[in-house]
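Below are the structure tokens for one structure; questions will follow.
So that you can tell them apart, the chains are marked A, B, C and D in the order they are listed, and the count of residues begins at 1 in each.
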Amino acid sequence: MNEHKIYCAGKFITTSNKLKVTNKYTGKAYSTTYQADEKTLNKAIDAAFKIKNKCKRLSSLEKYTALKFISDQLIKNKKQLAEILCIESGKPIIYANAEIERAAQTFLIAAEESKRLPGEILSLDWTPNGKSKNGIVRYFPIGIIAGISPFNFPLNLAVHKIAPAIAAGCPIILKPASTTPLSTLELAKIIDRTELPKGMVSILPMTRTTGHLLVTDNRINLLSFTGSPKIGWALKKQSGKKKVVLELGGNAGVIISGTVTVKEIIEKCVAGAFSYSGQICIHAQRFFVHEKNYKEFLSLMKKETGNLKKANPLSANAQFSCMIDEDNALRVEQWVNEAIKQGAQLICGGKRKGSFYEATILTNTSPKMKVNAEEIFGPVICIESYNGKIEEAVKKINDTKFGLQCGIFTDSISELDYAFINCEVGGVIHNEVPTLRFDQMPYGGIKESGLGREGVKYAIMDMLEAKVLVK
Amino acid sequence: MNEHKIYCAGKFITTSNKLKVTNKYTGKAYSTTYQADEKTLNKAIDAAFKIKNKCKRLSSLEKYTALKFISDQLIKNKKQLAEILCIESGKPIIYANAEIERAAQTFLIAAEESKRLPGEILSLDWTPNGKSKNGIVRYFPIGIIAGISPFNFPLNLAVHKIAPAIAAGCPIILKPASTTPLSTLELAKIIDRTELPKGMVSILPMTRTTGHLLVTDNRINLLSFTGSPKIGWALKKQSGKKKVVLELGGNAGVIISGTVTVKEIIEKCVAGAFSYSGQICIHAQRFFVHEKNYKEFLSLMKKETGNLKKANPLSANAQFSCMIDEDNALRVEQWVNEAIKQGAQLICGGKRKGSFYEATILTNTSPKMKVNAEEIFGPVICIESYNGKIEEAVKKINDTKFGLQCGIFTDSISELDYAFINCEVGGVIHNEVPTLRFDQMPYGGIKESGLGREGVKYAIMDMLEAKVLVK
Amino acid sequence: MNEHKIYCAGKFITTSNKLKVTNKYTGKAYSTTYQADEKTLNKAIDAAFKIKNKCKRLSSLEKYTALKFISDQLIKNKKQLAEILCIESGKPIIYANAEIERAAQTFLIAAEESKRLPGEILSLDWTPNGKSKNGIVRYFPIGIIAGISPFNFPLNLAVHKIAPAIAAGCPIILKPASTTPLSTLELAKIIDRTELPKGMVSILPMTRTTGHLLVTDNRINLLSFTGSPKIGWALKKQSGKKKVVLELGGNAGVIISGTVTVKEIIEKCVAGAFSYSGQICIHAQRFFVHEKNYKEFLSLMKKETGNLKKANPLSANAQFSCMIDEDNALRVEQWVNEAIKQGAQLICGGKRKGSFYEATILTNTSPKMKVNAEEIFGPVICIESYNGKIEEAVKKINDTKFGLQCGIFTDSISELDYAFINCEVGGVIHNEVPTLRFDQMPYGGIKESGLGREGVKYAIMDMLEAKVLVK
Amino acid sequence: MNEHKIYCAGKFITTSNKLKVTNKYTGKAYSTTYQADEKTLNKAIDAAFKIKNKCKRLSSLEKYTALKFISDQLIKNKKQLAEILCIESGKPIIYANAEIERAAQTFLIAAEESKRLPGEILSLDWTPNGKSKNGIVRYFPIGIIAGISPFNFPLNLAVHKIAPAIAAGCPIILKPASTTPLSTLELAKIIDRTELPKGMVSILPMTRTTGHLLVTDNRINLLSFTGSPKIGWALKKQSGKKKVVLELGGNAGVIISGTVTVKEIIEKCVAGAFSYSGQICIHAQRFFVHEKNYKEFLSLMKKETGNLKKANPLSANAQFSCMIDEDNALRVEQWVNEAIKQGAQLICGGKRKGSFYEATILTNTSPKMKVNAEEIFGPVICIESYNGKIEEAVKKINDTKFGLQCGIFTDSISELDYAFINCEVGGVIHNEVPTLRFDQMPYGGIKESGLGREGVKYAIMDMLEAKVLVK
């Protein structure tokens, strides 16, 4: 069985706490890696603190060169990396390939943005005492970043913290999810080949208990967390004087208006509903369909969901597979059964076998049921109709504590304008499911879905501090 | 009879060339003013040249204070100014009032923008030889501006040159139209009360022959012309080393798609067609109506056109009145008659009495007829149908040598997106006639409709030169 | 004695908890106002919540009109307002006048910025799946703001929260300092005369206990606090899911390099040291002087400090007066005495009488003494020499837990460049004391001096949420 | 002997007009290429016109991919390309290598900028009639570009037109200098291997007579010319309705203030004075030295100029070599001799042998002498002293009809600030000769040195037209 050392302050090391990583589809052990203990973590923070100023002085050329190299290597090693990612996460290989490509793209964008950090010139002679004065605003690295990333996009969501940190000139210590640390440790090997200062990036799997130091240590200036709302908001409370960015989840909604031809959008809707078994922060969980399209939509969704290729995620044509672990599958099963008891109607799916849960469609759900109100993070969707008025559709989109993204299929300008202004979310996706994200766009939620925005340029901005020269 | 002195290098003067300005509605003499001779013009240029550097050093506060004062005074004197403007131009008083308000708004925007001149900071360390270097880009006044403005918005189109020039820190010499110089000379009185350096603004009516010096004198750095395409393009050829901005005319088109309720848009369409007798650069001249709406649209337009209140422009409820002079009315009459001979069908109007030409609707016109192909600058429109496909409607919009603005009434996202990308114009106005302009937006045409953009911030940009400090 | 009602949800009300406001110079009662109880505060939050969406839909015109009106009224009533501000704060009338002017300027800037809220267009076709897609990013109000402001600039520091909130379209509840609530309550009267939705602004003096609801209530989306570091950082911990902006204090330093003529800068240095008895967040507390200038600087500072006009703050020529209360004067006395015991040398001052503490100069201090290490918030400065090397001067500037602003007097490009890059602060002020602030510039500290930036445009940005339309 | 076909509308072709290109050092024939006749040129314009809309619709991805490929290929083939460039231009191989690298950098920047074309969102609700309206400004390709480039940077100055044109989505027809067309024809081979539409780029050597069609043809929308002032300004007159960008020459000045150590800057000054025999638009032609440094500077410059390695440009250590042709060397000889007759003093150089002219230093020159007043475009510099006052130094910098760039060596903030504000140039280069240019910075002159700015982002901006959607 292979082994993955962890990456601390520029060195690949082992610790006494072994961590077995399984093949999520077979359940068998796949690789051994290690968990950082507090001493190891401290060493990483020490190193970061020591080279903080060196990182601050990196030129655009140095940062660009490193980031571009990493991007290129990800593409070069795509096949091998995608396989590891597929095995550790249980994600179909087509999606694993796409994730490697996105991670490469995220590094490419960061490479380019590292040459374009913001800066402003302000005239200050608006009042008599400012005569002849100007303000020159430049942005400097905020300091050390702590990144915590989840299992569902084990590589690209870690990269959305690492790449901006390098572009901004900030050291970063990243804690990957314990279930899926391998792809980021592979990334560490690539990063180690660049000429970035050793210790600028550390990648350390660890227990939540050990990781707590990332939240509380005052030498760290920014905590960037992607994960569940419950944990995210708890961390904010304990974060001391540091800045906090939270990228949490939601129960994204989609509006299917009366202006669309249903069969033309089904493929997108099925993908938004069930890719990677719905374990996606912007998984399309709630569908609101114009009443005149409701029946056709429900029937076509059922049909196409039935056609999804279920297989070992490593097989080239797999479209649907297991969940990350049995615990989560059990939770989903329980929520669905509870909803059915509360009056929801099961259209298809609803069965579980180990960590595999079927692609499941429900209707007649309400915001009182967990399947509708909470983040399901599993292959379950609710399809409901609305009375054809955009105001009602938007009201349903907003009838939740979350607010990440939503989708709307429509050709009506007035409907889209209304939805854009009134949907309480971070992003409105037109003629697409809410599951769509581009790595350069601002991404993040409002309400309980998060605080702050990622997307390379926006993440970099949060990792910088304005300093004004009045002159 | 009253008299208006002209404004040369900070002084109100007279010359030996008297210029009578008539009441355009009654045809009677209204005021006497003067034409600058070459010596006078030279004096204005000399003065501008001498204080160029003083103008460059004006603080934001000094420019803001002056521009804001002028804006406030325009509102304070609105009633009196609107009356003068109404009389000298023959424009209904409701429109004259609106023009004073817009001129005040243009000065207000310039006041605010004078505090927000652009500036940039660029990192230059993208290559080894740029190590530690940055570029600081600031924008400095380009030098002396020559402005030439037309009769149709005698005040606001002059203000679109004067206000940005002051905001940019450039001296300006403005030549108003000889038929309508009075409102800008009233403006001169307000400008004279500010603490701007004397000579920063000169306002000089003059013959086209005298004005030629504005085009050829090498001390002038930018020529900003608003007027007819023919003259504009000829000036560009003779402009020597100076920069040239041309705001010319067009034969703006409107698309009425199948998604709209005709009666809801008629009021806007009649206004776009006939306000100020169509003597507007973005007069809605060509209407292309979805074939299913064509008949209803034609009939309602005819009806509402018939309801326009014709009266002395000074009367509070006048909606329609005379043209600027009989020559122009004769030209319009000739074009319409020619079109009818070539097969166009007259729906209403078509008669002339002196400088008064009726609000006229034609159909069955083609791009071979002057009424369709040339800028009519009179109260005449062509209403044609199209086969319902947005591609055909846009093709018709583009089937002309001009390209200023167009309007499109639609609720379809795909129609609007197609129109925005493919209409060859400077502006696409949604659910409005193309006649709509906001003073802060970029405004200007492509093809034979002009070169460059106005709109306060954009006009200022053209009046500045980038200077980079590499450091 | 006069009375000031408090402003809750659009109404001027009284409560059962009277609050006496004294004349800080005479110590006598000056006016009676009221403290909001929890029920009153709740009413204000309820009202804000109800009209949140109405505020979001305010047009630029509506916001501009209200903000401009308030700015104009502040200037119009300057004399009367300055007197109230002078009396409640003990601030010399020349500074009180300046503060009214600055508050008017802050509202003016907000008026202008309300028309210029940010927005972006991003191409999203960088990868194959983005073909033809664009991102349109617009910024919407974040929701309800809670503002907490301090006694030292009772009006303008409150205005730095209220004006941006209105510009952003956010309701705001402001808690002024209990010692100095009158000038903001006067402002409330002006705000009440605008056509802003009633309840958009509430101004409520209250105890810290009652005010805690502002920190914990989940309907509030942003807490903006200006005050002491200790309280600020404690609030962050309790702030739940809301965003937090902290504008805290510091012990700002100044570098006097070897390239300057000492006598030319003394006037600025005395003002930075002692205006409003040093009760300013960016009070110039630590002076680091090139060794060749040290003696001259010390001696001239002593001399000019002796010349400060001490008087009743209401008298036109008062330059120096009492502190906010005796408790603070006692604290300052204690710190100075302690420093002297620890080896500091007293150059002048050092005596207290009631709430009056003399302008005091110390030398031979060290970062181990409170007068040097902590925020003194009183009329005390430390003057020390450095060896002439900019690296050492900057090291001294940075040898503290704070990082708000610093000043540097120099004509050397290399010194200024080094200082700008290496000083750990939010602002470097060239050829001025750090006490200089312009209301349009980004303002705020790093390290323990704060989180986030104010300055109208920057404060507005924090009160907005990005929403992207992918299309 | 080798042959270079020319690149017309996507095909490599020959014509009946052969053009011999010589090795500029040996004077022997090196390669044969062809001149386009009017028919060929017309074919290129026709093709560009036909695919104009296809080019407009290219995605960021398509443009980025092509531009990045070209950049990579230039680096890959650097050795071979540099040799050709060295031979055709007589430029020392170290500079030829640097030019290939810069051309690759220029394409890289364009690749990145093609994904970042500008766009703006404006609120339009500043007046009552704009209620709820916004302006969305996007920038579209202006149409067909005609580029004319000079011999001195035969590759990179052509690339500064080609790369932005591709990034903007505009077809371009480039006319390289007839003496040095080979490196751009090599570039054509690389461009031809991309998937850009055939005909988007044509590279056609031609006579000035044939080339005139590029200036007059109305299908071309922008003429971008880099070359001599005389020709540039003449073209503007004949350019019809098209936009014109002129990058012309100058007689760049440098200020050596009293704050610098002379020997530390000599190396940079010699390079700025004599690299590529001064045949550079921003060649450092006029040196103004603080009187206290004048003698030392003169003597050190003479010494180091004597140490320049003269050799066949192909040899690795060549620093100085021949001029482009004997005609130019003769002209330079004549100007120098004339200056000496007029009173200038020859410090070193002054001799000619064929196309080789010695590195020449003059002093006691005046703005009345051609060597000082005109663009020498040869290895000749004037070194003069000034009285130590920055005002006088800047006056000397400005005492010319040109205004491209200037350099200033100083450590004084007040000197640099004064110079930046008052030097009448497009760029002020601090602690460097004016010969420094970075490919991402705005570059271009004022006065007779040009119209408009290049530098990738700025050149792209000129190749785009704003279109506003009012909605």
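As a convention for this text, contacts are C-beta pairs under 8 Å (C-beta built on N, C-alpha and C of every residue); 3 or more make two chains touch, one makes a residue touch a chain.
Just so it is clear, the structure is predicted and the values come from calculations on it, not from any experiment.
Note on connectivity: the fewest chain-to-chain touch steps from chain B to chain D number 1. Using mean Cα coordinates as chain centres, the one most removed from chain C is D.
Remark: chain A and chain B have CA centroids separated by 50 Å (rounded to whole angstrom). Rounded to whole angstrom units, the spacing between the C-alpha centres of chain B and chain C is 46.
Averaging C-alpha coordinates per chain places the centre of chain A 46 Å away from that of chain D. Rounded to a whole number, the gap between the C-alpha centres of chain A and chain C is 38 angstrom.
Annotation for chain D: residues touching 2 or more other chains are 115-116, 122, 126-127, 130, 137-138, 416, 430.
Chain D contributes residues 101-102, 105, 109, 122, 124, 126-127, 129-130, 133, 135, 137-138, 140, 233, 236-238, 240-241, 243, 416, 420-421, 425-432, 436, 438, 440-444, 446, 448, 451, 453, 458, 465-471 to its touches with chain B in the complex.
Those residues of chain A lying in contact with chain B across their complex are 59-61, 64, 115-117, 119-123, 125-128, 130-132, 134, 136-138, 410-414, 416, 430.
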